[in-house]
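Okay, so chain A shows up in both of these, paired with chain B first and chain C after.
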Partner chain A sequence: MWISIGALLLLMAALLGSQFNPVLLFEQESWRIASDFFTTFWPPRTDTEFLQRLLDATVVTVSIATVATVMAMLIATPIAIMITSRLSLSSRGRPMKRHARLIRSLLRAIAIFLRSVPELIWALLFVGVTGLGATAGIMGLLLTNIGIFAKNYAEIIESGEATVSGHLLDNGNGRLKTLLHGTLSQGLPELLSYSVYRWECTLRTSVVLGFVGAGGLGQELVISVRQLASPEVFSIILVFVLLVFAADSLSAWLRHQLNSVSGQAMSTSATMQYRSCGVKRFYVSWFRCYGVALFIAVMVLFSFVSVDWQLHQWLRADSLTRSVEFVQGFLMPDISANLLHRLAGQAVETLSMAFAGTVLAGGVGLALSYTSFVLHLRGESITSRVLTSGIHIVQVILRSIPELVWAMLLIVAVGIGPFTGTLALFAASVGVLSRLFSECLHNQENAALDNLLSNGSSVNLAPLWSTLVQARSQLISYSLYRWEHNLRAATLMGIVGAGGVGQELYLRLSLFQFDKVATCIMVIVVMVVLADAVSYGLRHRFAPSP
Partner chain B sequence: MARSNPVAANSGYPIVRLRSLFSTQFFSRVSAYALLLSIFVSSPSALADDEFRISAIPDEAPTELIRKFEPLADYLSEVLGKTVSFVPVTDYAAAVEALVSEQIDMAWLGGFTYIQAAQRSGGTVEPIIQRAEDERFQSVFITQSDSDIRTLADLKGVDLIFGSPSSTSGHLMPRHYLAQEGISVDDDLSIAFSGAHDATAFAVAGGRVDAGALNIKVWEKLVAEQRVDTDKLRVFYTTPEYHDYNWTIRSGLSAELRQRLVDAFVTLDPSDADQKAILDLQRASRYIPAEAGFYEGIKEAAIAAELLAAP
Partner chain C sequence: MAYDRTSPALSQISISVGASEQVALIGPSGSGKSTLLSVLGMAKRPSTGQLLLDDKDPWRQGTAQLQRLRRHIHLCPQSSALPARQRVVVSVLSGLLPRRSLLFALRSLFSPSQDDIQLVHGLLAKLEIDEYLWRPVETLSGGQRQRVAIARAMAADVSMLFVDEPLSALDPATAEICLSVLIQHAAQHKQGFVCSLHQVDLARQYLKRIVGLRDGRIVFDVPAALLSDNMVKDLYRGHEAEIQA
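Here is the complex of A and B:
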């Protein structure tokens, strides 16, 4: 009871803090500007010259994402191995050397810092060192990904069976040997599968990096939006949605391949499997395995070759002095009361946007997924089919366009400010949450629901007292994850003018005041780390995993 | 030894296969690096000699910029005898970075962005030419016709919108004149940045903020082209005059090329129809040589407003 009152008060505070004002949406002037922009969307621009430009931009976007993912994997692997407790001698009750303990804590701290600073911010900083172009984007994606990979690789290694590696260590085997024979052979499929999933996420982010001059589709989009060239904007968004869809399918397929390989590995011993599956099946899966590897190799190779490495920019003498400049900024951040006061105000704005966006999206997402669940229960009719696919299309469109792109489009209609940021977070989150919620509702046991239905409950209401109740902890857990994600995204909204700490950061970057930039980044890191901790705590309190 | 048996049992062929998958990837990575290295070795230098790249701070919508600068780029191509291309950038800071890191050869900068570029390049970039109009530039403050704001002093406590943070006429100088009236932008106002001058005018027209400050030339153009409604908006303050925009060249261009560029601009002739079109697009009556000394006032204003580090 108290919790819901508290949550309601918090929501009201958040709506206030994010200057939530739906009236703006219905103002005549907004409508005029927005309708000028959006009604000319059709037909999209499709002349050859423009499409060629989009194709080039797409190649840049994909290459940047692929190169950054592969490099991050390579760098993060040793870090993950060093920070995981699975291979730690101290976890087996043996003493740990002091310098080893120090190195491990240091690496953990570095990984947390790297992943707490959003990619776009790293990219903005590197634009200052290497100038505009792909390498700033790669560095941005690389640094954040190293932090994310290191953490998740370590967690995946830890989630595996502990006995084998434990025994190996206890028996005096070296840690490298234990890694190769115990830990890695067990966790490899999941590690690879996670890496593929991460590639897909990186690709999505890669588009946004164009906003700061890192090339690719995002740069085309910014330029077209600023020109209010709607047919171009529409073409770019179409290409983008298709690209995300393709990456999504490819990633799902690759992960399926990996899982089927690992599934066989886990289920039975080699000879048993060989006998049961037959010779033909054996060759098919062998072929598939190498086929997949070859496919990945070609794509990675192509990306490394097609990326503009801008080596001349890195080798310039003043690149070094400029790197020193921003490292100095970080060593001596500006902590004057004036700046901190402004940042505090904007931080409240950021938190409000993230909270309001997530809660509203959770509500609408739940309504959408509940509707589609009920439609599913009612069975096949033309209306239900049309409605279901309508909901599905809305979900796909909403979630394949990143928050920042939503913000950029909504600014045209709603204007600058945190309200636009909230709407952007809301739009993307409705897409993601309603899909997750739908999956979750469909995965619940039907016993209670069937019971209610057979006792004459209405189809519209029965899931409310059965499926929804069963799913509640998972729904809360998804929403908390999304809130965490939205907070990160909200810190960037100010860069395109949609409110929050990003505004101060962008201002200070424009003025090349790196000591103030450093303070802004630290505020962001603190918020992201705290949100991680709060979300983790709440998830364990309210949504214990079954 | 007996204890490690589970591992032996587990390392049947599926795991062997996984390992070969791993090593195939590893092999491909090694070959990718080898290929990469060969590309580095053979990569051509940044700027081809026969190409001259120009850019501009995006102080107006990019369509407008491309419309403005492409005829000029064509004219310069003809005079210089090399391809002159216009490179659009995403924001003011990007234009500064591109010039300082020598990704472009010449940029149309505002007074403040020139000062930033000069500071970041250690004084090696050089302003060479400006419009006669840039000697006496001004900013205007606008508000809705029915608002109560009449003077700068009335701005206390309202929402004010600037253009880009790096804009001279859309941020720095308006801030400077506000400070002279005793109004601290950081403490007395709530501010936002629209990104460009025309966006500022539209934001005030849309009623989302109480007032805005922008470049007088852009304002006059918007009025002349009837893109803003003067029944809805009015100017309540016009700043004193200051030096603004110029064409700045990167360090390392030859003295001969510098001279040819200056000549190309100075000799633009309003009696020639094509050249008049270029001047009109730039909203220039004629071009005059620019000097670094013109921008000392702006530099001091920027330092006083803490938008620039004191040297």
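Here is the complex of A and C:
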């Protein structure tokens, strides 16, 4: 009871804080501009010269994402190995030594810091220091990914059986041998599969890197939106959607291959496959092992070659002096009351956008997924099929356009400010949440629902008292994850003018006031870390088994 | 090897095991057999008292030196501790890992040498599971896994073997075969051998020295020939169901 009242008050505060004003959507003036912009979407621009440009930008986008993911994997692996206590020699049979514990906590803290700053903000900083271009984007994706990989690799290592690596250590093996025969023999498929998934996420982010001048497709979009060239905008968005869809499918396929190989013990070679399963299956698994590996290797190699490394730009004198200023700024952040006051206001805006966007999206997403669930129960009538596919199309469109792109498009209609940011977060989150909610409702046991239906409850209402109740904790858990995600995304909205702390950061960075930039980043890190902790706590309180 | 200590899990223990001696630890569940084995095997540091290996206290050495000392023993835990997806041949070879190079570690994951395969095959044949040489561990039953772990212990090139309940998931006939193979192997290689067992009869039949543990204390430490039925009965008083024929 008190919890729901509190949540309602919080929502109202968040709506106020994000200057929520739906009337804006229906004002004649903005309606006119928006309709001018959006009605000229069709036909999209498809001449060869433009498509060539888009293709080049797409290659850059994919290369940046691939290079950053691979480099982050290479750097994060040793960090994860050092972080996890599973491979600690000094603590076998006795308490861990103090310096070992200190180094572990330090590495953990660095990983948390790296992943708490969104990719786009790191990229923005590097654009400020070394100038426009792909390397700033790579560095941005790299730093955040190092933190994310280090944390998740360590978690995957620790999810394996402790006795296996413990046995090897106890019998006098070093860390490296234990890693090979204990840790990797257990968790390699999970580690690889997670890495592929992470590549997919990185690619989604890489699409918007161009918004801060860090290369790729995003840059094309910014140019076209500024010129209000709507046919171009539409083409670019189509490419976005296609690219995200392709990455989605490729990643799912790769992970499927990995899993099916691991089903037959993937930590072994072709000769072993051959001995254990005969000629025909040998060739099948040989192709799986080496074919997939070759494909990945070629893609990675191509990406490393095709990226413009801009070494001259990094080694320029003014880049170096700027790097020094940047480090100095970080060592002495500006904590004057004036700046802190402004940041506090914008932080409230950011928090409000994230909260309001998530809650509203949760409500609409739940309505959509509930409707499609009921339609599914009602069976195969024409109307229900049309409605279901309608909902599905809306989900796909909302989901495959990143929040920042939504913000950029909505600014045309609604103007700058946190309300736009909230709407953008809302739009993308409806797509993601309604899909997750749908899956979740479909995955529930049907016994209680069948019982209600067979006793004469209406099809529209019966899931309310059965399926929905069963799915409750999972729905909450998904919403909390999304809220975490949205808070990160909300810190970026200011970069395109859609409110929040990103605005101050962008302003200070363009004035090269690195001490103030440092303060902004600290505020972001604190918010993200706190949100992670709150969400973790709430998930364990309300959704014990996600 | 000598050892003394006082603690909740074990107390007032004093035991020394000679170079090629063969010892059985018996006693009801929770009597401290596994703890004693892991202390002897240098996996757990005694909170008080001292463990001496050739007159040296391993816990006074640095981490690297301790790890080098651990290479001279093999401790086989009760949970077989085998990676589920690994193939049997690789799991058995991992017993050799501490004394071999990193290159061997890497190579044995992908394609073990013919000699190594022969070695593993020979060990598995003695334990009557050679047909599983190339199977992933996860496709094996509990008893089969236990025998893989025994083969791994036999593959290890060490001077001391500490084996915790190697027969718990085996049927009586197989259990006897495995124990005799294991003991023969240890004798052949002049290894010291300490093994905790629930099968008192097998212990008396195959091992020369029997140590009885109860509530973390040594109740008796006698040659098998001198162990009387009454001593066993006293040891298991209140836990009679645990004595296996």
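Here are a few things to note about the model shown:
In this section, the second predicted complex is superposed on the first by the 523 of 546 C-alpha atoms of A that agree within 3 Å, B and C clash if a C-alpha of one lies under 4 Å from a C-alpha of the other, contacts with A are read in each partner's own complex, and residues count from 1 in each chain.
Heads up, the rule we're going with is that contacts are C-beta pairs under 8 Å (C-beta built on N, C-alpha and C of every residue); 3 or more make two chains touch, one makes a residue touch a chain.
Bear in mind that the values here come from a model prediction, so they are computed numbers and not experimental data.
In the superposed pair of complexes, A:468 makes contact with neither chain B nor chain C.
Of the two partner chains placed by the overlay, only chain B lies in contact with A:294; chain C stays clear of it. When the two structures are aligned on the shared chain, A:89 is found in touch with chain C, with no touch to chain B.
Contacts of A:70 after superposition: chain B is touched, whereas chain C is not reached.
Of the two partner chains placed by superposition, A:505 touches none, neither chain B nor chain C. Legend: residue contacts after superposition of the two complexes on their common chain; A:172 is shown touching chain C, with no touch to chain B.
By the touch criterion defined above, A:338 reaches chain B but does not reach chain C. Once chain A of one complex is fitted onto chain A of the other, the partner contacts of A:489 are absent, as it touches neither chain B nor chain C.
Judged by the document's definition of touching, chain A residues 163-164, 167-168, 171, 173, 181-182, 185-186, 189, 262, 264-265, 269, 271 lie at the interface with chain B and also at the interface with chain C. Within the complex formed with chain B, the chain A residues making contact are 24, 27, 29-30, 33, 70, 74, 127-128, 130-133, 163-164, 167-168, 171, 173, 181-182, 185-186, 188-189, 210-213, 219, 222-223, 226-229, 261-262, 264-265, 269-271, 273-274, 286, 289-290, 292-294, 296-298, 300-301, 304-305, 309, 311-313, 316, 318-319, 322, 338, 342, 415-417, 497, 503, 506-507, 509-513.
Of all residues in chain A, those touching chain C in their complex are 89-90, 92-94, 160-161, 163-164, 166-168, 170-174, 176-177, 180-182, 185-186, 189, 262, 264-269, 271-272, 275-276. Of all residues in chain C, only 38, 41-45, 59, 63, 67-75, 77, 79, 81-87, 89-90, 94-95, 97-98, 102, 105-106, 109-111, 134-136, 138, 156 touch chain A in the complex they form. Put simply, chain B touches chain A in their complex at residues 3-4, 6-7, 9-15, 17-22, 24-25, 27-29, 31-33, 35-36, 39-40, 43, 45-46, 58, 61-63, 88-94, 97-98, 100-103, 116, 119-122, 161, 164-166, 186, 192-196, 202-203, 205-208, 307-309.
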